[in-house]
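Labels run A, B, C and D following the written order; every chain starts at residue 1.
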Amino acid sequence: MDTLIDGFKRFRSRFFEEHRRLFEALASRGQTPKVLLIGCCDSRVDPAIIFDAQPGEMFVLRNVANLVPPYAPDAGHHGTSAAVEFAIRGLDVEHVVVLGHARCGGVRALIEGNGETDNTDFIQGWMHIARSARDRALALTLSAGQPIDAARRMCEQETVAISLANLMTFPWVRERVEQGRLMLHGWFFDLESGELFRLDPITNTFQSV
Amino acid sequence: MDTLIDGFKRFRSRFFEEHRRLFEALASRGQTPKVLLIGCCDSRVDPAIIFDAQPGEMFVLRNVANLVPPYAPDAGHHGTSAAVEFAIRGLDVEHVVVLGHARCGGVRALIEGNGETDNTDFIQGWMHIARSARDRALALTLSAGQPIDAARRMCEQETVAISLANLMTFPWVRERVEQGRLMLHGWFFDLESGELFRLDPITNTFQSV
Amino acid sequence: MDTLIDGFKRFRSRFFEEHRRLFEALASRGQTPKVLLIGCCDSRVDPAIIFDAQPGEMFVLRNVANLVPPYAPDAGHHGTSAAVEFAIRGLDVEHVVVLGHARCGGVRALIEGNGETDNTDFIQGWMHIARSARDRALALTLSAGQPIDAARRMCEQETVAISLANLMTFPWVRERVEQGRLMLHGWFFDLESGELFRLDPITNTFQSV
Amino acid sequence: MDTLIDGFKRFRSRFFEEHRRLFEALASRGQTPKVLLIGCCDSRVDPAIIFDAQPGEMFVLRNVANLVPPYAPDAGHHGTSAAVEFAIRGLDVEHVVVLGHARCGGVRALIEGNGETDNTDFIQGWMHIARSARDRALALTLSAGQPIDAARRMCEQETVAISLANLMTFPWVRERVEQGRLMLHGWFFDLESGELFRLDPITNTFQSV
């Protein structure tokens, strides 16, 4: 915990002092981010670091494997859907970025279904959102005699497409997209090479930015 | 979106180049964060900025109002609980920090129940996790003739305590806490003053760090 | 039983004789207390003694651990909710005082979950109302290496706040509080030191009166 | 509220100072009352006043109309049954006194079924425990052309008998009574005359003490 406290002290004495006016303005006027970024909890892919972002710039939702479940308005506690609704209906963001990444532990659990995440209370149920990504990846790679690593990479990228597809099941997302008021983007970060890819709407493939 | 792309280019040419070895090591060895940080999606309170954190340091879960629901293992898609499970059972983190903050829009929706979040599909259902924080804050402040801002501040801080209490309903959290293998911490960031507070286990109040 | 009969004889020959007119007036005109006091059954914390109260002054509800359950209007026998309703809707009291106390056996049963109250028919189910107080207290004190006594004390005080929050779930309580016709108060009596504390609406902590 | 605070100050400076050792002993050794007293919340019939009782003497449960529901161990929040269980199984009291009283508002609501308590959320459901007392009283008094006041008085006394009968539906009450380890008593206080009556086990009538 000392690391965190030390980090806070550095932030407090440098960044906060340099941006005091920004924080005061953000506190009094409220936030008006233009972007909802949906990323993974993974400690290695922090959106603020990867996009060198300033406070107030992105509304950031982070869960395991950057997944969005399909629209299901019922009495349950839907944390991800609530955050999506807050950003889109409450803050009127203009862009949603789903940011996938290489070496995702959630995807590994989904593909391998073993080790630390077997017989879980919640992880397997949550990753079930991406089961079609796993099945597609395994169908293609196993048929081609590819190693499991190829399936993993394909699955990591497909989770991004699944979240985009599920976003369109929310009526107020679809409406805004159809009206041209909201744009959905699929991105993928390779933490080893430091490359950023985006899901190209013409080729349906991830292209380096 | 250009802002994000520009930010990524800065990250790529500076931070990534300076930390290339760290990223390579994190990619090949996997992540081993010691801390699960549960924060809010709010664009003004980014944990990586506030704690000047390095890649690999914190597993970061962000949802509206930094809430943890009570343990409820069923067939639903429990994104927050899955992330908690991944961090604690999968990564064996030693600390959980729940980070609340001032001027939380989720808490404002909960307290005022009007405007942008009336008749929501998911926001009110999600914030229902913190209803006892709202009721406690209103009971005390209204009875004392305090303004609604006092209720909001108290409620923002109480959501942190609710998440800590709900974490204890997860059997594998409680077990680790009782064994001294896991510590739970309640923190609160005041974005206007830049102060960080922690929920003191002796006085049960938030004390400036 | 002789002790009780002897006590009644003392009451009859002294107190009743001295207050005969008061009793007659209270009998003919009915009761008009301004305060509903919700206390514990504990034999050591009698509200009439602690507040040196006169007949007619307080409508007194006593149950284990001074708990109010959340509003749940159904066909069940809700003794506590019925008493709250009688005082507020029937007698139009202006104040509700929830009086917690140190060394509460109900809280001890909740925290320790052993001994006399294991496998109870009703006690554990009743104390379940305060489970979040227990979880909060344990989360904080265990993480800080505090002894179980610290958790007990914190939990005893938190039960008061839970009852206040639950009172606000009754629509006719909340309405009256919002209209300024009813005030809710959280108090705590330390029977060892004889001190009385109140839950301060500004600091959200118990302060000595 | 000033009345209560003033009363506490009198208690603190006189009674507590005079009984400091008693409170210290009760705090350190715990309570060992021999009596569970089940009384009404009514502000005019305070058991500690009527029996000139000392701290530690009686475990006091107070609800509307001093009722005990029948034994029904389920998942509900049973406040009265929990208090009865705590006293009998936890504290091993030797006597249970059910104390009824004249001019009971709960009984009036039951008999008249009008005014302030019509269409209640909880009061009528709670008083339903005593419906057979009402029916018996009305059957007898109406048949004899008696005024409604006679029905009320009879019903007030019958509620005491109903609580005693319901206590015997608790297996661990019945067992202790059969073994001679626990005695049940029905008492009735007339606040106008200051008289105390007890339900005589031979004549089945209330006799002045």
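Operating definition for what follows: a residue touches a chain if its C-beta (ideal position, glycine included) is under 8 Å from a C-beta of that chain, and two chains touch if they have at least 3 such contacts.
From a predicted model like this one, the values you see are computed outputs, not experimental measurements.
**Q** Hide chain C: connected chain groups?
**A** Leaving out chain C yields the groups A, B | D.
**Q** Could you pull out the chain whose C-alpha mean position is farthest off from that of chain B?
**A** Of all the other chains, the one whose centre lies farthest from chain B is D.
**Q** Shared numbers divided by all numbers used: is that above or below half for chain B and chain C, i.e. same or different?
**A** same
**Q** Just curious, how far off is chain D from chain A if you go by their C-alpha centres, in Å?
**A** 61
**Q** Determine the centre-to-centre distance between chain B and chain D, using the mean Cα coordinates as centres, and give it in whole Å.
**A** Each chain's C-alpha centroid was found; their separation is 48 Å.
**Q** Using mean C-alpha positions as chain centres, tell me how far chain B is from chain C in Å, no decimals.
**A** 33
**Q** When the C-alpha atoms of chain C and chain D are each averaged to a single point, how far apart are the two points in Å?
**A** It comes to 17 Å between the two C-alpha centres.
**Q** What are the residues of chain A that contact at least two other chains?
**A** none
**Q** Edges wherever two chains touch, nodes for the chains themselves; is that graph a line, a ring, a star, complete, or other here?
**A** Shape of the chain contacts: a line, open at both ends.
**Q** Chain pairs in touch?
**A** According to the stated criterion, the contacting chain pairs are A-B, B-C, C-D.
**Q** In the complex, go through chain D and note every residue touching chain C.
**A** Contact set of chain D toward chain C: 1, 3-5, 7-8, 10-12, 15-16, 20, 23-24, 26-28, 30-31, 33, 35, 41-46, 48-53, 55-64, 67, 69, 71, 73, 75-87, 89-91, 95, 97, 102-103, 105-106, 109, 116-117, 120-123, 125-129, 170, 183, 185, 191-192, 194, 196, 209.
**Q** Can you name the residues of chain B that touch chain C in the complex?
**A** For chain B paired with chain C, touching residues are 131-133, 135-136, 138-146, 150, 154, 157-158, 161-162, 164-169, 174, 177-178, 180, 182-186, 199, 201-205.
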